[in-house]
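Letters A, B, C and D mark the chains in the order given here, with residues in each chain numbered from 1 onward.
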């Protein structure tokens, strides 16, 4: 049960599709407490990533993820660009030279990515950001692996925890990012970045489930 | 059967009231084919006239009408200001020194006023302007007098002809004033200036009917 | 009605008070009768340049008073020509002994009021010339109608005549510059939305979400035709083609291209309009030697644009480049 | 959606093309990555001044590039911070050997992208200082949040720093001017209408005909509170009081008063706002020594206004008065 390079490429493709499908939904979430661009930004970035895929399809997973990160950095902009760019860059650093990932490799790569996001954005759990989806998701992944779950099960747990984390952002008052300018008015809305992070992990669960 | 100075003052007052009542109506007519200010302009002008009334209440009719004309010139602006200003000024010139008007005096005064409007605005019958209310009205007044009608009857005929002239502007395509810029689109709307002219003559009929 | 105003009847006075507080170095504002006048008026020996019209077109005209442009402006009520007494007082205030030019936009009201004012000023011994700007190609010209509206060229005429007067040219010479602008300038405009006249409180016309008005003026009046909303490039074509054909402008002509916002249109859109207008002008062989992009002759908060082309000769280019220092237009000083 | 645009995805590129066609004497526009740069950049020995941010705020920033103001500006997608590669390229393009100042508005995205760009530029041996403008008093400041937004002061910082750089001051000295603006400038804004982001196609928020948002930023985001529409004078009080109390400004302080339009608000309304803002400032004993009135930092076609107060000292007044020649702000040349 390993994640092959092709599965990694498939995951990126699946995430890009999910972002395109959910573009308006993400934008709508961002309109409520932000500036109505998260969907367009992520979609623009992953469209650029897709156009880079042919060039990197025969590279190692580290190179692939770093290329995704660099592309996001140069095309997404806003808060999403540096954060997702960093996430993929750091995950790529952790997987340099690898042609496949074990569950453990993925746990380490994701951890590196999340750490990168934390360092860059300085958000804490509960600030109503993508961190609120990513951190519980990673915890669930790690826990599942420690409990001996197989890859598919662990990824499912991870995606479900991300979804819960995402929903749990609804009542929160934002303390980071653009939504924080709304103060109390930010409560009652789901965070767009937590939502795009959930989609990323859902895509992984869907595509890697029966790796 | 003469029109006393007090009746002239009453007429002006009545016209001012009618303009205030019909302010929004006139503005609405002007919005359709002009710039939505005729009601406000005329109302502003006659409010200024009213505030001058105490100063001129003991003057002759010529002075009163000239003062009305000067006040309109200085307060109405737009096309309405010079046109109504001229109408009252010219009517005032024709009635200098008079403390009362016979029907014939009024016919002559109104004729002078209308001639002033024509000279200033160069509109012809059928151009969709106040001329289309004023000229038929004056013709009816003159005709009634020639037919031996009494003052009240003649003034009624005059007001009714003004009303018909006003309504007859509806199908016309404007050739003068701001409505002319609309070309064919000006057809189907009643001219605001013809409407305010009708109100002026209706006020005369109401107030002088049983002079 | 969504506006940053207090009472509708106070709009013009309060706006003028704001201008007076903001620009005491450039202008003085006189109330009752209302006019905005250059702070050092009358400038001895210099031709005075006066314009005026209804309010609601800011910065035109009051915001274009200053060195190198208008000596005075008479603001009327919103969209209503000012009155002869205002114009007479302003004319007197700027008469430095060399006469006064009245730049009049071709509207019945403006013309009649300025005519009376010029008569009154002449009766007081002031030499007055009037030039009527009528550059709007959306309106068919005819001897039997009120003719064409005066729109965008007015701003350009005010700049060029102001510069000519500043150079010490005679009244006739300054008026000649104005007549050149009248002859060589053409405009056309369109609206995405209606404006709302303050004392009316609702939009002058209703325009569905997917429609626009082509051939509008600057008083919130409906245009010549209403049609479905189109991409900017097609709209610009609809404005540019009638303008270019009108004089017509000929290949090799040097022109000033003025893309104007109607008040509610942001600069980002005006540059998209400018892009296509410049391309079309170039395709027709015109050489865009100067331009102006911004909201200079507006219609309250109306969204939309107008385009003005003005054929330029060497003298006009020099006059355009001459220093100007007004609240609304400024360079070289 | 009523806009003068073609396809939503082409808005920024076409606007930049329009700017390039309009102002070849002042700026060059570089595409892929996108940045607007002063035509004579890099100016040898001069500190380069760079800013950037999402598009939709025109003329800020691209329209403020030129002599005496910005050396370059990086436009992002509408309301989206530009990316580090743009900023890096622009930084390199304007580095005349004396280093480059990054003027950054306090938004998470802008900060992170500028941070990365500064790191990259330093890695290439270019000295970079960054100053973060965070002047919006509508947002409560706190160490535990993203802090205050950067709004109107940014325009003023760009003018003053541009003038300081033009004088040949060092990077540290130019950055010191920026830090002074950061410390001495405060702003607050309000909206009468929402704007519509082109790719979204509908207003970011719904605002009933009789309501307004107080404490908005410049990205079409809702404000801190929504309330019934009020007369302009009351609105201005609601903006001015928190501003004045914040630093606080003290009687005798000399200030620059900047009344800004959000894009869909005409000048006539801005002067009504200015009138009251000036009165309130004066009542508090502040001396308005300079002002700026117009739509300089906009939010697409949003109707509304923001007010900025900046305490001025003698040096800042001189820097403000220094010549500037950009598409959007110009005097003295």
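In this section, a contact is a pair of C-beta atoms (placed from the backbone, for glycine too) under 8 Å apart; a residue touches a chain by one contact, two chains touch by 3 or more.
This structure is a prediction, so every number in the text was calculated from the model and none was measured.
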Which chains, if any, touch subunit A and subunit B both?
none
Mutual neighbours - chains that touch subunit B and subunit D alike:
C
Chain centres computed over CA atoms; the one at greatest distance from subunit C is chain A
Subunit A to subunit D, mean C-alpha position gap in Å, rounds to 32
Rounded to the nearest Å, the gap between Cα centres of subunit A and subunit C is 55
Could you put a whole-Å number on the gap between the CA centroids of subunit C and subunit D?
29
Mark out which residues of subunit A touch at least two other chains, giving numbers and ranges.
none
Multi-chain contacts only, two chains or more: what residues does subunit C have there?
none
Which word fits the touch map of the chains here: line, ring, star, complete or other?
line
Touching pairs of chains, all of them, please.
A-D, B-C, C-D
Counting only contacts in the complex, subunit D reaches subunit C at residues 2-7, 11, 14-19, 21-22, 55-56, 58-59, 63, 192-193, 209, 212, 229, 231-233, 235, 263-275, 278-279, 291, 293, 295, 298, 300-301, 303-305, 325, 327-328, 330-333
Per the touch rule, the subunit C residues reaching subunit B in their complex are 33, 54, 76-85, 107-109, 112-113, 115-116, 136, 138-140, 144-146, 149, 197, 199-200, 204-205, 217, 219-222, 224
Which stretch or stretches of subunit A touch subunit D in the complex?
27, 31, 33-37, 40-41, 44, 73-83, 120-121, 175-178, 180-183, 185
